[in-house]
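A quick write-up on the structure given underneath.
Chain naming follows the written order as A, B, C and D, and within any one chain the residues start at number 1.
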Amino acid sequence: MIKVGIVGGTGYTGVELLRLLALHPQVKLQVITSRADAGTPVSQMFPSLRGFVELKFSHPDEAHLDQCDVVFFATPNGIAMQQTRALLDAGVKVIDLAADFRIKDVAEWEKWYGMSHACPDLIAEAVYGLPEVNRAKIKLARLVANPGCYPTAVQLGFIPLLEAGVIEEGSLIADSKSGVSGAGRKAEIPTLFSEASDNFKAYGVAGHRHLPEIKQGLANASGKAVGLTFVPHLTPMIRGIHATLYGRLKKDTDLQALFEKRYAGETFVDVLPAGSMPDTRSVRGSNLCRIAVHRPQGGDTVVVLSVIDNLVKGAAGQAVQNLNIMFGFPESTGIGLIPLLP
Amino acid sequence: MIKVGIVGGTGYTGVELLRLLALHPQVKLQVITSRADAGTPVSQMFPSLRGFVELKFSHPDEAHLDQCDVVFFATPNGIAMQQTRALLDAGVKVIDLAADFRIKDVAEWEKWYGMSHACPDLIAEAVYGLPEVNRAKIKLARLVANPGCYPTAVQLGFIPLLEAGVIEEGSLIADSKSGVSGAGRKAEIPTLFSEASDNFKAYGVAGHRHLPEIKQGLANASGKAVGLTFVPHLTPMIRGIHATLYGRLKKDTDLQALFEKRYAGETFVDVLPAGSMPDTRSVRGSNLCRIAVHRPQGGDTVVVLSVIDNLVKGAAGQAVQNLNIMFGFPESTGIGLIPLLP
Amino acid sequence: MIKVGIVGGTGYTGVELLRLLALHPQVKLQVITSRADAGTPVSQMFPSLRGFVELKFSHPDEAHLDQCDVVFFATPNGIAMQQTRALLDAGVKVIDLAADFRIKDVAEWEKWYGMSHACPDLIAEAVYGLPEVNRAKIKLARLVANPGCYPTAVQLGFIPLLEAGVIEEGSLIADSKSGVSGAGRKAEIPTLFSEASDNFKAYGVAGHRHLPEIKQGLANASGKAVGLTFVPHLTPMIRGIHATLYGRLKKDTDLQALFEKRYAGETFVDVLPAGSMPDTRSVRGSNLCRIAVHRPQGGDTVVVLSVIDNLVKGAAGQAVQNLNIMFGFPESTGIGLIPLLP
Amino acid sequence: MIKVGIVGGTGYTGVELLRLLALHPQVKLQVITSRADAGTPVSQMFPSLRGFVELKFSHPDEAHLDQCDVVFFATPNGIAMQQTRALLDAGVKVIDLAADFRIKDVAEWEKWYGMSHACPDLIAEAVYGLPEVNRAKIKLARLVANPGCYPTAVQLGFIPLLEAGVIEEGSLIADSKSGVSGAGRKAEIPTLFSEASDNFKAYGVAGHRHLPEIKQGLANASGKAVGLTFVPHLTPMIRGIHATLYGRLKKDTDLQALFEKRYAGETFVDVLPAGSMPDTRSVRGSNLCRIAVHRPQGGDTVVVLSVIDNLVKGAAGQAVQNLNIMFGFPESTGIGLIPLLP
């Protein structure tokens, strides 16, 4: 049993971490912090957890996070970077679900996130927590930067093609659709039910913070810089991301075999049979990414369909997957849940 | 490990049974039948089960159900009664998720279900599978009639009041709202997305098949016949039942204490603190029933709010709960899942 | 053409007023105010109005409302009462869509709304704007208190029974379900898509501000005080209210004929054929109230099903209906729209 | 007043035609046919029309369509081609909302629609009813092939770019998302609420019947054949199409001005200000197409966002627009409705 702390547990990523960790057989939930809600029982804010989580929210100043084995940050961007060094110094491992340590180019990070970075040296040390790419490094890491939701779905879809060098890396398109929980549990008008229901729209077309993160990952897979047009959309469902990815073929290849081989042995990436089109609900509540690859009318455009649950494989589930790797637990411990359908 | 068979696994109750049983540590899923889809892998029809369930649907004639320890019927009404005697004779226990054995009064059953009953004597033997009422009998049963979804939510809400004799039993009202999955996985126009979404309506006001089932259960609790107005409604969500129950107080009593005492020790009934109003999502995907009791403005009308997931506590989860009781497993084995929120 | 002003047009009631008034052939939209958004084109906030409404929001101080023929208040409670006297004095008619003038008992109003009333004498003058009850008075009114959404649906459903004296007035039950737009266009967590979607819950069981308004109206219909249990619920749809009403019969009567006779000649109340169960979508976007009356199993409980669009007959549409009556236009001018289905 | 007939009015296109035509000041709804539902009042099937449409469905054999001035076919594919010649011979104009006359290449049509065409010569005569392209021809037409829903949204978005020759026509991508009503009012499992709600998926990736229709239209705009990858998706809303279109710039140009100039004077195409991202709800229930054009990060990829209501501008509304043009009525007669928001 390891002792786990969560900083900032009042958002959707936080409650999802709690759902997964509460039944994780190797984890003792030690502390969860919230400045605003200190003293409130977690299960009062999230009645779904009644009977499963007995903790109250602790004030950050009294949380004794340094006595944990690992701390998750489920906070807004810019918080983890303030507290990580002290935790690492105290021998605590850190998994940041926000974006503080995802982008290696500090100037690029500062441009997109609009603040100075508090500890650029730790960016260099941090391991980008996409297990299907960095498993060996994650195993040794003190600090893991858990990937964003769009970046997870888009990278897992493009990586086999880019690693194999079969598509033009200069003109990639990622048309991505997210459920509304991706916007977080914040009181804002555009994500009200009466605004977001029975509606569909694009947003962030001019530029979205996940763009540099995705480009960094794809460049690593490709071995050279990539050109990417990334258009996120809001779709009226709670959970789920569907990435529809377009690339132009440079050479003929057996795409189905390429994907199956790349993800053979991966517990959480499921390459569907040729001709399949995954529903987001086929991964709802689970840590799975399901992928299908198509070549419509045998033309030179590859279409990849990649679905995840944004709160699980796109956030809390992948964070627990990283914890399992970091602590030597079987990788699916606590996250081997079957998707909820219907 | 016990060997489990499922008859009729192509509906929502079936896929939910599979979700729960696939990870049940004491169960080996032996066979699942479907006349129309024999030969099809289960995970092809329900991609959510890919990687978890390797079975194909078997033709009923080749299913060898008599080699199972227990068989679930997740079939339309009128099927289980045809096959139950042979299974019992072969030493197989039976849990019927349909209505064939729920109503003790055969004539009443035949009136509401519009067919002759094939084995009235087995109705007499069957135990109504509401563990919070019949746990001791279920433990000994060969044949369990798993309750309907509305009846579960309504009975659990009224039982403490009727057992204690504190409300008039002649004028009960159960205003009940169900998610659309309650109508099953059948190709019908009224439950199309474009019909049922962004819409709310009552149905079955003149009479619904769950009415006699509920009245039977409430009469048992009360010790005398009850008068009940039951109005079901369709609400645009997938899972969940919310029963709003009204009764007229006969005597003053501490309602909160009454409910807490009645359900003390019950794993799957959660009496909320006074003043609470449960969301259906607070039980989504779980076997819980959450209940709150109110007395608005201190008047003589009691209002009980009772929520369940219709596919879990209202069907498959309760069936597994019954299996656990029948086979002596800890009652929450395989069904201790945390609700999915958001 | 009359000159119309709207105070507070940035909520759902405001945009709905604009939708209706923009095509009203007797109306010139003169001014619409918003303190926070002064200077912003209305169609920038509500792109649905692009090409139909050219106005910008005006600052209240520069709105010259006294030059209008009629002013609608689509404001939070407590605003209209500050400004109404000056407008009336200037010869401007006022239709308040908030609650400031709905309740005749000032103390009762102050208790439920938590403020002192600024002009109790105008409460006495104000006409409660339910045309099916007060048409003659509305025609002569300077000041109309437009009914609330729940009160409209519940009163129209109970009134025929109470006026005829056929149900016990002491034990009425109104189990009411509202779409989420009823909560307004306010940035709040409970009405976020990810909170309110795929979910159903009761709220305000202990007491809701619409309770005294409904009781006042029902007492007027009945000729004596009524006892009412009112439980509102939130259902995951944008628009619509479904009231399920229960009363106990005192004497036998032809309920269908009673309702048809009461609403004969009413353009906006549609009594459905016996046995019907109205969908909320059958009135979506229209000013209609559709009603069905039932007597399940021939017992002594009457069940009335009453549906409206909360933003139209429950707010802006009824306000325009009142305007038509006040200015002598045909009552359906500008609000004769056909419901949007699907 | 012209006499209008509708063949096949029991689907969503049919009820939407009725909604629009019932209030059209120049139209008398003469007859609506349905083989299966002959004798049933239209308003019984569609309660939204109670009080607005008094017609009953007529049996096709007794419909006397030849006495109409114009007949709409709101039928499955393959019906209109059987009856059109007789109607034209009788002097009746025909507007087909199905696909029978949309594709000029008969062999191509027969390949995609899997049947022999009954009257290839009428295909040659038929005018493709996209008013923004073919207004002059529509004015003179006896037979109009009303465009499909996806084709309308995609063509209106690409046409300015292709006519101006500013994008490579060989590598167009149309990532399109449709509400569920696009699948029609048919009893099928995949479009049940419990299947399609809270879910997102692609379909028809290998090839969709709208592909050849779109390519034909785009080739006409471009003056040469185009290469198009078209991926439709199902999104959990009732109405609306959102097309996200990608093209590669061949030359620098002022995209915003290009679009504004192309659609200047078009009542039903609204080019949004630079930087806008249209919601589908901003056109809900209206005949509008709203379009925004983007060039993310100033790169060489153009992104066009185009939204319509699939049942209005994508079907019934455009059909009425064509009727108005054919009969010389002002083009927005009866279809000048304001979108329903929220």
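Following the convention adopted for this analysis, contacts are C-beta pairs under 8 Å (C-beta built on N, C-alpha and C of every residue); 3 or more make two chains touch, one makes a residue touch a chain.
These figures come from a predicted structure and were not determined experimentally.
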Quiz item: Which chain pair is joined by more contacting C-beta pairs, A-D or A-B?
Solution: A-D
Quiz item: Using each chain's Cα centroid, which is most distant from the centroid of chain B?
Solution: D
Quiz item: Using mean CA coordinates as chain centres, what's the chain A-chain B distance in Å?
Solution: 36
Practice problem: Please report how many Å separate the Cα centroid of chain B from that of chain D, as a whole number. | Solution: 45
Quiz item: What whole-Å value do you get for the distance between chain A and chain D if each is reduced to the mean of its CA atoms?
Solution: 39
Self-check item: Multi-chain contact sites of chain B, meaning residues that touch two or more partners
Solution: 12, 179, 181, 185, 194-195, 197-198, 236-239, 278-279, 281, 284, 342
Quiz item: Considering the complex alone, what residue numbers of chain A touch chain C?
Solution: 12, 179-181, 183, 185-189, 191-198, 236-238
Quiz item: For chain B, which residues are in contact with chain C within the complex?
Solution: 171, 173, 175, 177, 179, 194-195, 197-203, 205-207, 227, 229-231, 233, 235-240, 242, 244, 246, 248, 275, 277-281, 284, 294, 296-297, 299, 301, 303, 305, 307, 342
Self-check item: chain B residues touching chain A - in the complex, by the definition given at the top
Solution: 12, 15, 19, 22-23, 46-52, 181, 185, 197-198, 238-239, 270, 272, 276, 278-279, 281-286, 288, 290, 311, 336-342
